[in-house]
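Written out below as C-alpha cells is the structure these notes cover.
First chain written, first letter: the chains are A, B, C and D, and each begins at residue 1.
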Amino acid sequence: MQQLPLEGIRIVDFTAVWAGPHVTQWMAVMGAEVIKIESNLRPDMTRSFFSNVNTNLTMSAEYSGLNCGKKACTLNMTLPKARELVKELIKVSDIVTENFGGSVMDRWELGYSDLKKIKPDIIMYSGSGFGRTGPYKEFPAYAGIVEAFGGLCSLNGYPGGEPLPMATFGYADITSAEHGAFAILAALHHRSKTGEGQYVDLSMTEVVSCLLYEQIMDYTMNDRVQGLQGNWNSTMAPHSCYRCQGDDEWVAIAVSNDEEWKAFCYTIGNPEWTMDERFRDGLNRLKNQEELDRLIEEWTKNHTHYEVMEVLQKAGVMAGPTLKVAEVVQDRHLGERGFFIDVGHPDVGTVRFPRLPWRLSEGPQGNYEQPPRLGEHNDYVFAELLHLSKEEMARLQEEQVIF
Amino acid sequence: MQKLPLEGIRITDFCHVWAGPHVTQWLAVMGAEVIKIESNLHPDLTRSFFAGDKTLTPGLNQSVDFAVLNYGKKCCTINMTLPKGRELAKEIMRVSDIVTENFGGAVMDRWGLGYSDLQKLKPDIIMYSGSGFGRTGPYKELPAYAPIVDAFAGLFSLNGCLGSEPCPFGVGGWTDLVAAQHGAFAILAALHHRSNTGEGQYIDLSMTEVASSFLPDAIMDYTMNDRVQGAQGNRDNAMAPHGCYRCQGDDEWIAIAVSSDEEWKAFCDAIGNPEWTTDERFRDGLNRWKNQEELDRLIQEWTKTYSHHEAMEILQRAGVMAGPSLKAEEVVQDSHLREREFFIDIEHPEMGTVRLARLPWKLSDSPQGNYNHAPSLGEHNDYVFKELLNMSDEKIAQLQEEQVIL
Amino acid sequence: MTMQALSGLKVVEWCEFISGPYCGKLLADLGAEVIKIERPGLGDKARSHGPFPQDIPHPEKSGTFLYLNTNKLGVTLNVRSTTGAEIFKQLVKQADILVENNPPREVEELGFNYESLKKLNPRLVMTSITPFGQTGPYRDYKSCDLISFHVSGMAYINPSCGVDDIEQKPPLRGSENQSGLVAGLSGAIATMSAIFASHATGLGQHVDISEQEALANVMRITLGTYALEDVAWTRYRPVPLSEIYHCNDGLVYMVLDQDKTWLSWVEAMGNPEWAMSELFQDQVSRRENRDAGKMLIEEWTKEHTVDEVVRAAEARRIPCKAVNTVKESFSSELLADRGYFVEVDHTAAGKFQYPGAPCKLSLTPWRVERPAPLLGQHNEDVFCGRLGYTRQDLVTMRAQGAI
Amino acid sequence: MSTQALSGLKVVEWSEFVSGPYCGKLLADLGAEVIKVEKPGSGDKSRSYGPFPQKIPHPEKSGLFLYLNTNKLGVTLNVKSTTGAEIFKGLIKQADILIENKPPREVEELGFDYQSLKNLNPGLVMTSITPFGQAGPYRDYKSCDLISFHMSGMAFINPSDGVDDIENKAPLRGATLQADLVAGLNGAIATMSAIFARQITGLGQQVDLSEQEALASFMRRELGVVTVEGIGWTRLKGTQPGMASDIYQCSDGRIYLICFHDRTWEPWIEFMGNPDWATSELFADMASRRENWDAAKAMIEEWTKEHSVDEIVRTAEAMRIPCKPVNTAKEIVESELLEARDYFANVDHKQAGKVKFPGAPYKLSETPWRVEHPAPLLGEHNEKVYCDRLGYTKQDLVRMRAGEVI
C-alpha cells in the first residue's frame, strides 16, 4: 500500500476558525498526522457556527469543510499542567501550528524560543492578520478586515460603484492558509536536508498584497490607483458576464483577439459585427464595450448558460457559465474528475466534500477521513503517544486538564 | 504620351569601359538624355573589346560589351586633347544638369574641368566621379579594374569553394556594376536635393568602399569578434542542407536550401525519404548542419535522377526553396523571365536585332524605358552641335577641319 | 549567503502568464533553481501585459512579468522545433520538477506528456496547471481569469452584500488575476507534497491542478454548507453586521458578528437606545434585522472619521479597518514596519518596490537574489554552461529560430 | 546640422532581412525618414542572424541588423491583426514611399497590394522587392540568397578561375548576401526614379523588382554575348574575353595582377627583368598571348613566388600596372586607404555598445551621408510614431501590446 507524501509527519495544531485549520487541512489530506488541541472550554469556534443540523459540535459545515482527516484531543490550556502535557506531545511532533488573535503562545511559554528548547528541530507556524511583529501584532483580524485593509475590497465591485466585500467567507483566510502550507513544506524540505527547524511568521495582509501585485506594481511604477473594473478587463473586450435564459442564469465570455472575435460573431450569427466600425478591432471594442455588452446579452438571453459555453467553446471562444454553488456540485466536468468525495459520517451518514484541487498520478488521493469529534482521539494521544496510564488520564480528567 | 521619370535631365558623360557607362545606362533608360563624349582617338574601350569568336576585328559599333552598356544614349565625338575641344565640351556642360566621369586619375582636373571649374560654368551642376579607390586618399591616382578592387576589398577571400583559395568572381566586373548602381542612386539623391534647393554638388564614389559596403557580415564579424571569415562555398552558417547539387543531364545543377524543420519534413517527404526526419544525423537543424557533408552526398543521389527543372518543380510545390543553377543561355530561355519580358529586342543598324536584358524592375505606371540601340561613334554630332549648341554647318565643318570634332 | 529552504531543487518552468509562473516564483524565491523557458521573440505573455512604467510597453518592463519571475533563469526555446524539443528533454532529464501550464492536447502532441517524460526521468515531478485539469469533458476548453472565476462558483456569490437590487447586476469577478494566482499557489503546495513522496519512493509523479478546482476549493466552506445542509446560497448573503460602513471621510469594514464585539461596539457608540431593543439582542435577531442595524450604525459612523471609528473599535478589540486602496496599504506604517516591500533593481526596468515574502521563515530567508530575467538572458549559461553547446551552436540555433 | 539630400522624404519600410532593409538604409542614410515596421516579438529576421559579439545571440546585437538599419525609426506592428492593419494604413497615408519584400500572395491576402494602397494614397511609391517579381510562373516560389544567385546564372560561371577540374565542382554562390544586397540597391534606384516621375505627374506607382533579374542584369555582357554571338559560356572562363586577369602566389601572400594588354605587359616584363621567355614570339602580341596565356601565367608565377606582395604591388603600381594584394576583411578594415578616406562609421548603440561598420561608398559634397542614430531597438519608436504621429494614447499602446498588435 503506497504512502501519502507526508506520512510520518506529526503536527500539533492549535489553529482555529478558518485560516489556521485550512493550513493543517492540506497537510492532513497529504498524510500528516494533525492533532487538534481543543477543549470543551474552547472548542474550535467553527464547531459552534449556527447550523440547521449542528447537534454535537461536529457537524457544522464550516468545521467539517476544514478538518477532514485530523485527530482531536481536548486539553485545558489555561492550566499549567495542560501546557506541560502539550510539551510532551510537541516533543514527539515535527510541527506546531497556531493562529491566535495575539501572542497567546508566548504567554503560555510556548513561543518558538521555548519550543526550540523542547525540540531543537521543531517547525513552528504562526498565522495572523498583520504578522507577529509590527504595530498591529496584537490586533484581532478577520479575512474581511484584511481584505479591506489590503486593498482587495477597493478592487472588488462594479465599475463606478463602491468597494465591496469579497464573495466567499475568508478568501484571504484560505489564500493565506495555502501560502502557509507551502511555507511549512519548504521548511520541512530544509529540515530533511539539514536537520534544522525554524519559525514561520505569516501575515494575511502581506499575502493579500502578493495577490494584488499588479495593482501594486502599477502604483509603484506609475502612481496610478486602479479602480473597479467589475467583469471588464483593461485589454480584452468583450469580457463580461451576461444574463442567460432561465432564472438568474449567467455566462461569462471573453474574447482576446481578432480570430476569436471573428469566430464569436459567426457563431452567434452576427458576422456583420466584424465589419462594424464600433467593434471591428480590439481598441474599438474596448471603447464601445457597454454597447457591445448590451448586444451580446440580447443573444445570450435566448440560451442557457451551458448552451452558450458549448457553442462558443466549440468555436474556440472562451466562455463558461457562472455556476451557482449547487451547480458547482452538480457540474459534469467536476463530477467526472471526482472533485467531490463522499465522507462517511457517524452522525449524518455520508457527506459530500470537495477534494483538495489536485490529482497526484501515483498513490492514494489523500486522507479524507471524517472530521473528528471533540476529544475523539484523547485515548490515542494520551495513551498511545504519551504512554499515560488509565489512572493518570483519569486524574487529569479529574483536574479538568484533559477537558 | 506619358514621360519617363528623368526626361528633361541632360548628362554630359565622359564615362567609359564598364563602371562608368553602367551609371549613365540606368539614367538613360529612365529617360535622361545622356551624351557620351568620345573621339576616334579615344573611343570607349569597350567598342574595341573582343566578343566571342564571331569576328576577330569587329567594327567600333559592333561590340557586344558596348551595345549592352550604352543603349538609349547619344554620342558625339570631341577631341578633348585640344583646348578648343575642351571649350566645346564646356558648351555642352553649360546646358547639362550632370557631368559624369570615371577616368583612371584626375584627368578632369588636368583638363580644367574639375568640379570647381564646372561650378563656375554652371553653379547648380552635379558632378559624379567614379574611381577604384576614391578621388581623395593615398591611392587616388591609381588605375583600377573591378577585380583589383574585389581582391583588395576582400571579396575574393570570401569567394570560393569551402576552404579553397580565394577565387576571382565569376561575372565580369561585378564591383563595376555594384559601384555603378550606388553611383546612380547617389546622383538621383543629389538631383532630388537640387530640385528642393537648387544646389548642385560633387559626388566622389570609391569602388573599394562599395565592395566593403557589400560585405557587411564579414566586416562586422571582424570588427565585433576579430574573426576573419573564409570562403563558404554554397554553404550557409545557419541553414542545412544549403548547397548546389548535380542533376541528371550534362552539367546540370540545382541549388537547394532548407531553413526550418517544416521545410525539412516537406523536403524528405517530397524526395521519398521520410525516414530522414528521424535519422539521428539529420533529425534537427543543428545535426543537419553538423553532418551536411554526408547529407549533401545523399541529397545529390536524389537530384542526380532528375533534371534541374524537375527537381525545382517537385521541391517548390512542397514549399522547399530550390532553383536550378542556370547557364547564361538558360537564363535567356527561362520561361519565367520570358513571361516577365526581361529580355527585349533592339534593332541595331549594324548588328541587326540584338536581345538585351532590361533593367531589373518594372514601374507600374511609367513606360518601360528608353532602350534605343547603343549609339554609333559620333552618331549624334549633328543633334549635339546643331540643335543643342545651334552651331552653323560652317562652324561645324571648320571644327572638323581642326580635328576638334573627330 | 545563508542557505535557502529549497536550495538544490532544480525546476524547469515551461509556463506563461500567471498560474505557472507564480508557482515557479514561490519555489524560486525560497531558493529553488528555476529555469524559465520562453518562446523566442515575444516570450512570456506576461511581458506584454503590463503595467508598464509611464505606460510605454516594453517586454522587459512589464510589472506583471517582473514580479512573477524574480530569481529565475531565463532561456528562450522553441519547443516546436526539433532542436528545441531535444534541448527541452535534456533540461527535463536534469530537473527535479517541471511546472507547465500549456493546453493538455498541445503537450501530448509535442510528446511532453508525463508518460513520455517519466521515461526520461523517473524522478521527475511534473506539475500541470490548466484551466480545467488533465481529464474531463472541459479539458480542452479555453479559459482565462474571468471564465475560471465564474465557473468556480465564486463569481455567483460575489459580492456578498452592499449592492442594491443585486439580482439586476451580473455576478462579479473579483480583483483581476486571482484565479491564476490561486491555481499557481495550489500547484506549489502539491508540488512540494510530491517531492516528499519522492523522498520515500525515489519516484516522481504527475500533479494535475485544475484552476476551476483551485478556486472552488477556496469556497470549500460554502460548498460544504450546501453539501451538508442543502443551503443553496443566494446572491444576497449578509454576515450579520459584518460589513462596510460609511464614515464621513471614507469606508471601514467592521466585524460585529459575536455578542462580545457587538456589545462593546454599542458601548463605543454610547449605548444608543435602539441598540438595546430586542431587535438586536442576539445573533439570530441581529441577522434578521441587519438592514436596520446597519442603517443605525451608519448614522453614527457617518458622524465620525475613518480614523475615529477604527481607533474606537480597535480600542475595544473589535476587528475594524479602513477600506484601503493599494496606495494606502502600500504606504501603511504596518508594511513599512514589517519591511515587507523589497526594492528590486532591474537592468532594463530600473528600481521599483515589489511585494515581498508572503511569509517570513526565520532560518531560511525569502529573498530576491536576481530580478526577473531578460528574454533569453541565460541562454549561454544554460545551453553552453550546462548542456555543452558551443556559442557557434547558439548562433546557428538562433538563426534557425530554435532559441 | 546641414540638410541631407533626401530630407523630407517619408518612407515606410515593411521589410525583413537584407534586400528591403538595404534599400531603406540607402534612403535613410541620406536623410529620408524611414519608419521600419517589424513584427512584434522576434522582429526583423536579421536580428537573429548575426554576427553577434562573442557569438552570443542577442536581438539588439546582430551586426547585420545594426548595419542595415541605421538612421531608421523602429516600430513593432502585427499587420495581420485588424488594429495592426488600421495602423499600417495610417502610416501609408502619410508616406511618400513604401518598401516591402513580402511574398506577393501574402501582400494581396492582407489587402496591401498596390491597387488597394494607391486608393489610400495616390502619391505613394510602392517598391516591392521579391525573389521573382510580382508576376510570372515563379512568382510564389520561395527563395533565398543561394537560390537567387544560382537562378541568375551568375553561380554557374563562378568562380572564373583558380579551381582545378571545375567540372566536378558545383557552381558557386558568391560571398554571402550579395543577391539580397543587389536587389535592395536596385530598389533604391528604381524608387528614386519613381519619385521623380511623381514630381511630374503627382502620382505614385509600384516598383516591381525581381531579385533574379537584378542579379541577371549583372551579367549583361555575358548575356549579351549569348544573345548576340550565340556563344554559351563554359564553367571555367579563365581569361575573360577582352581582359586577362589572374591571382598569383607570392612569397608571402597573393596578388591580383592585370598585365595582359600591351601597355601593361611591356612594363611588367621589364619589372621582371625581361626574362627570355617573356620576349619570345609566344607572347609578342595580345592575340598570341591569349593563345598561350596559361604558359605565361605559369612563368609569371614562378617569378612572383620569389617576391613579396609588398614589393611587387609597390613597384607595379609605380609603373601603373593594375595590381593589388588579395585581402581579407581584416586587411581591408585595417587598410590605410579606408583610414585615410575616413570610411568606417563608429556608432554607439544602447545595447551593442560601440560598433564599427561600413560607411557610405560615396561622398556627397553638400549633403553628407551620416549616421544620426544607430539601428532602432525593437519597437523603440512605438510611442513617437503611434502617439505623436497617429494620435493613439499611451493606454492604447498598453492595450495594443497586450493584444500583441504592437
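Keep this in mind: a residue touches a chain if its C-beta (ideal position, glycine included) is under 8 Å from a C-beta of that chain, and two chains touch if they have at least 3 such contacts.
Because the structure is predicted, anything quoted here is derived from the model rather than measured.
Note on connectivity: the fewest steps through touching chains from subunit B to subunit C is 1. Listed here as common contacts of subunit A and subunit D: C.
Chain centres here are C-alpha means, and the one lying farthest from subunit A is B. Chain centres here are Cα means. That of subunit B falls 12 Å from that of subunit D.
Averaging Cα coordinates per chain places subunit C and subunit D 53 Å apart. Centroid to centroid, with C-alpha atoms defining each point, subunit A and subunit B lie 75 Å apart.
Of all residues in subunit D, those touching 2 or more other chains are 49-52, 54-55, 398, 400, 402, 404, listed in ascending order. Within subunit A, contacts with two or more other chains are made by residues 234-236, 256.
Touching of two or more other chains is recorded for residues 237-239, 259 of subunit B. Two chains count as a pair here when they touch; such pairs are A-C, A-D, B-C, B-D, C-D.
Of all residues in subunit D, those touching subunit C in their complex are 40-43, 48-52, 54-59, 378-379, 382-383, 394-395, 397-398, 400-402, 404, 406.
Those residues of subunit C that touch subunit B in the shared complex are 80-83, 85-86, 393, 395-397, 399-402. Those residues of subunit B that touch subunit C in the shared complex are 237-239, 259-261, 283-286, 289. Within the complex formed with subunit A, the residues of subunit D that make contact are 81-83, 86, 396, 398-400, 402-405. Against subunit D, in their complex, subunit C makes its touches with residues 40-43, 48-52, 54-59, 375-376, 379-380, 391-392, 394-395, 397-399, 401, 403.
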